[in-house]
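Below is the structure I would like to discuss, written out as structure tokens.
Letters are used for the chains, namely A, B, C, D, E and F, taken in the order the chains are written, and counting of residues starts over at 1 for each.
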Amino acid sequence: MKLGEMTWPEIGDLDRERFVAVYPIASFEQHGDHLPLLTDTLECEGITAAMEERAGDRIVVLPTQWLGYSFHHIHFGGSLTATSRTHVSMVVETVDCLVRAGFDKVLILNGHGGNQADMRVALQDLRERHMEARVYGASWWEVAQPGLDEVRTAGPDGSGHAGETETSLMLHLHPDLVRPARPVRGGARAPSAYESEVQRFHMLEEVSPRGHFGDPAAASAEKGERMLAAIVDSLCGIVDDILSGRLDPQPARES
Amino acid sequence: MKLGEMTWPEIGDLDRERFVAVYPIASFEQHGDHLPLLTDTLECEGITAAMEERAGDRIVVLPTQWLGYSFHHIHFGGSLTATSRTHVSMVVETVDCLVRAGFDKVLILNGHGGNQADMRVALQDLRERHMEARVYGASWWEVAQPGLDEVRTAGPDGSGHAGETETSLMLHLHPDLVRPARPVRGGARAPSAYESEVQRFHMLEEVSPRGHFGDPAAASAEKGERMLAAIVDSLCGIVDDILSGRLDPQPARES
Amino acid sequence: MKLGEMTWPEIGDLDRERFVAVYPIASFEQHGDHLPLLTDTLECEGITAAMEERAGDRIVVLPTQWLGYSFHHIHFGGSLTATSRTHVSMVVETVDCLVRAGFDKVLILNGHGGNQADMRVALQDLRERHMEARVYGASWWEVAQPGLDEVRTAGPDGSGHAGETETSLMLHLHPDLVRPARPVRGGARAPSAYESEVQRFHMLEEVSPRGHFGDPAAASAEKGERMLAAIVDSLCGIVDDILSGRLDPQPARES
Amino acid sequence: MKLGEMTWPEIGDLDRERFVAVYPIASFEQHGDHLPLLTDTLECEGITAAMEERAGDRIVVLPTQWLGYSFHHIHFGGSLTATSRTHVSMVVETVDCLVRAGFDKVLILNGHGGNQADMRVALQDLRERHMEARVYGASWWEVAQPGLDEVRTAGPDGSGHAGETETSLMLHLHPDLVRPARPVRGGARAPSAYESEVQRFHMLEEVSPRGHFGDPAAASAEKGERMLAAIVDSLCGIVDDILSGRLDPQPARES
Amino acid sequence: MKLGEMTWPEIGDLDRERFVAVYPIASFEQHGDHLPLLTDTLECEGITAAMEERAGDRIVVLPTQWLGYSFHHIHFGGSLTATSRTHVSMVVETVDCLVRAGFDKVLILNGHGGNQADMRVALQDLRERHMEARVYGASWWEVAQPGLDEVRTAGPDGSGHAGETETSLMLHLHPDLVRPARPVRGGARAPSAYESEVQRFHMLEEVSPRGHFGDPAAASAEKGERMLAAIVDSLCGIVDDILSGRLDPQPARES
Amino acid sequence: MKLGEMTWPEIGDLDRERFVAVYPIASFEQHGDHLPLLTDTLECEGITAAMEERAGDRIVVLPTQWLGYSFHHIHFGGSLTATSRTHVSMVVETVDCLVRAGFDKVLILNGHGGNQADMRVALQDLRERHMEARVYGASWWEVAQPGLDEVRTAGPDGSGHAGETETSLMLHLHPDLVRPARPVRGGARAPSAYESEVQRFHMLEEVSPRGHFGDPAAASAEKGERMLAAIVDSLCGIVDDILSGRLDPQPARES
């Protein structure tokens, strides 16, 4: 169910304890020469639409928050970003309302690498506010990595901003929005802002003059369809684990 | 054009001075027994889609920001709200990026009464930050009031939250999302939070036990179509006035 | 009674539930060639002094807060402004103390157009903090408009910053502070920052090179006296309505 | 000159470099059984009025900011307080506007002990913002201590909140506001919040059940008149020192 | 060199461009039954002391900031935590001063898992402030993982809060502070707050009733000595990479 | 006892009501040509180490917070400062955790003049949060002034930043860190930022071109030892007064 399509009496009638509220957060930022600025948001919408079909009896889905943290893309015109402070507050206050409305199990579905630090701070703040609520955060490309790796063929160039994975998903979901002249593959995938062990917050233009990583040319709509299925598999599995309690913390056994 | 469907090189090629960036802000809040929580957002999306058809050569449109200020609706389960502080920051930071990207004419299109105070504070803050940019704010039901009044038949009950106007628009735009059992008309339209001269910030349940005002029964899809046209007429006129400079301030003549 | 002239034991003895605490907020900003910077504050003090005479048995009056939001006047030297964030906090924290001290009915009496957005945000924040308190806001020129219109002769030029109304009030209250060389009337009243349906936050110099609107020459002390009476009539009526509960929200009747 | 009684063209014509802007900050808080809540503010107004008479050709005076930091008085009903954060911002933003308007010499005249910590933080913040401006802070009872000591007869009970000094000043300035039944002297003056070397922020009720210190009975209007003269002497001397540069820092001589 | 042991003229004489400023951030939080609250801080001090010996000609070392983010430990008495907002500001403002003082290459050496989200947000904020400075962040157990794995024998239980690694380091650095009765190994290492792909911010007591993970019994001073060497190897390598530019971003080659 | 060397079970077993938690706050700032940047912090560590020896059965000591407010020193390279806002939050949040952990008697031991305003604001905020806790603040050179004066021989040049007192303490505690070429005495001690009755926030370079006051040449290790004893005497006396209740507020007797 889409929470936004419900009425308040219907929500009041819902057995909210048996549902996970799925809250997708994405971005509005450049995605190279070939993908539109709203790519991360459109991907999240494609993912949650498929989740609803599969798990509509146990999830309610919020609309995707398209304003994220994208300062590293800001020199590519058109990218929009909140500051971290505002971004964290947006996420915290949205989940705060969900919890107060009786949705005590919330999955923040992240669709943008640049949101990860803020999301973690938001999870910290939310735990300080709501000790009893169970609020989870997951980035789709991390939880679905094994499944995605089975589809990807570009090897180390498969993943990454606007590369094989994102381009495939967009060819499947919104082929009309993918520009035909896809950039050729890069020889080696450059490290993104936070992916190496030594972290520096890179501006995108420092690591990719055209704003993409990996190999968009390796993308296909068919791959995108399989990738979407893998992502939805993983996320629906997580929903089930949340509902069954399998994700609840297990104290370390002491031998 | 939808800004979110463009690529960064396309935006770079755009003659941005000849365009108005339209940034719709709405809400996620209850709309009575018969309309969905995302009503304000869906209306904004319908309005901007029609604006693009009409004025696509002079506007770029952002996606609708669905998180607004809705504290007065919070006791109707499922409504989500930002605090005013966060809400103002979201609006300011989004427009800030637009201005820095060269869109120096911005129209914030407001689709939710509860956003009005925050929008004004955001306009204040934006002027402090960007003395030279021209940032406008307009609530669609205010700028289109004459045209809307021609369509409305419920008299004093025509406007108002989830009443004749909103229900008609939704019957036109999303008939599947309007519940069939529409509430009967209220005898008199109750004042909303800030509409009387003496202002108090009312909780919605204080003024409407079911969360709507006015007469949803007077709504029709045909009225909705005509209302949408009137709104788009008004807003496209404003866009033209912004581009032509007719909205620029005119110093008082001194006799 | 002036709250500031009371002692704490006297306040403790007061039947605070039977009183409305009146909290005037004004500004410190330029008022053209002929009126002093403290005009808005002096008007509020004149208004509340007259209210005390009339309704001293049911109101306590705070001193006027002279620091308001006046960024649009800042280029006219001597104007002082708080940021919106600080201004909202000042209002919220002052009322917060009143409510905690047992004054659960508060009327914020606004004497400056530039304060309106901040005042509304403050009313929002105060409702979030004090669900049960009844906090009202009213701008004197809005609630007294019918009475003021009966006195004004300058037609569309009657109202406005430093125009017929304000100049008349000052001629009545502080004739020594009104400069003799009053500017001639403007041909047409220019829109102030937020008065048209399409809002932009104008700097005053954009709409009035000398910092006033309307027709100061139409002002007179006699008009000022009658205007003051009209304002006090309206505000005392509001006080009575607050005490009698007539301003309490009335749920919409459903037919 | 009172800045609030001037017009913007008059301020523009002023040789602002030859003036010190005097900005009084006070409080709205209980002053025992015998003095009104606005005591600190009324004292500041009396002091600055006398300063204008004496030094009107070299100072401009702002109205007194009556909202201060008074949390320690809050349990005595009617006391109002800002938070430190808001209070510091109020002071900083007010002085900020003065400096930007060309008043680069500012004297913050403090009339309330509870404001001292916030004032110092404001002076810090202002130096960070305006390295070149000369912003001073002075509490009147500190800079005038030698002169005040000559008048006081109550010995160690002479000073202190609502004691001999404040009661005398009010008997001189506003005898109608001093309640006739003045409390008897306390045997020993209790330390106020921050006056001992080991600091604790005391609530007033912990150190004075009736909200005053010292010996109000020793007060007289005649003493008040002499005290006022001593205070004005000191403050006008400081104004002259600011203008002559005698208060500018002198690097330590190295022998 | 320890920056704190230098004088300002010495720093002025330093060729700051040839140095990396190393800024260690740690925590003050419980470490099980056997390690003291200051463990993370003591480890950082041990690491930076060894780095100074090895790379004293190319690093300056700040004292360890012992106040970190430790809310998840707060139910174990004695743990201290800043909020994320304050914590981020502390890190940002400290580095801000370093950059302004001419240290344009800064390595934030993190010694506490709970600091990681805040550190990333700080890196974001710092890039927004100082586009040209090169500020890096590294958690010692991440950058030295290969070397540490060679020493660890407890397998999956080797790492983790207060486990084999931390206990070994403390046995080497501060044997007197390690309680003799070390807890037995846990059968399986429980996931810490953010280590699984689905993130939840766990309170420590949920995952470890005594506040430790892994196998403290496997620890030894000899292992600690070797671990320290591995950590220092890695960090000194990073310092060299920063100075040589090897860590500078490399744009993706396009084939 | 050092709190940082304890484990959480040991703290749980402690009779926390019988202990004062001592929390030293210092700075990281220039101290002239002859003393290191960390001087204030090293002094606090020396003082608390001696306090532990004397009063270890009734105090627990936190590590010294070395990040303070030092903006006035920032032009002497290497000085680090937090903003007042962050600094106050650091102090408040640290004490907040102590109070929540059952340490309801806290002594903030201040080792840096520039921290005094922030410390007072922190004491204010802490009282607002924890009405019942007893949180004290003391600057060591203020509480120990009589004892210090007995040792000092440089007269008015004895105290002050990096002068006789601080240099003596460092010669006793860390002789290796005192540069041999001590600056000659200044002829007269210049006022520091806040010490005169008229306050201005001076930058250090305005009052001392080399960054010190007073007479470092008068310092000796022997004096330092005696000074340390005097300081520890005073502080242990305060600890005893806190525990015995002698520092509790005493309401003024009324005769």
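Following the convention adopted for this analysis, contacts are C-beta pairs under 8 Å (C-beta built on N, C-alpha and C of every residue); 3 or more make two chains touch, one makes a residue touch a chain.
All figures in this text were calculated on a predicted structure; none of them were measured in a lab.
Undergrad: Among the chains, which one keeps its Cα centre farthest from the Cα centre of chain B?
TA: Measuring from the centre of chain B, the most distant chain centre belongs to F.
Undergrad: Return the chain whose centre of C-alpha atoms lies at maximal distance from the corresponding centre of chain C.
TA: Farthest chain from chain C, going by C-alpha centroids: E.
Undergrad: Compare the contact pairs of A-B with those of each option in B-C, E-F or D-F, and report the one where over half match by residue number.
TA: Selected pair, repeating A-B: E-F.
Undergrad: When the C-alpha atoms of chain C and chain E are each averaged to a single point, how far apart are the two points in Å?
TA: 56
Undergrad: How big is the gap, in whole Å, between where the Cα atoms of chain B centre and where those of chain E centre?
TA: Roughly 49 Å, centre to centre.
Undergrad: Using the touch rule from the top of the page, what residues of chain D touch 2 or more other chains?
TA: 83, 85, in rising order.
Undergrad: Have a look at which chains touch which and call the overall pattern line, ring, star, complete or other.
TA: The chain contacts form a single closed ring, each chain touching exactly two others.
Undergrad: List the ring in order: which chains come, beginning at chain B and going next to chain C?
TA: B, C, D, F, E, A
Undergrad: Could you list, by residue number, the parts of chain A that touch chain E in their complex?
TA: 69, 71-72, 83-85, 88, 116-121, 123-128, 131, 134-139, 142-143, 145, 183-191, 194, 197-203, 206-210, 213, 238, 241, 247, 249-255
Undergrad: Could you please specify the touching residues of chain B with respect to chain A in the complex?
TA: Interface residues on the chain B side: 2-9, 11-12, 28, 30-38, 41, 62-63, 65-67, 74, 76-83, 85-86, 89-90, 93-94, 97-98, 100-102, 177, 179, 211.
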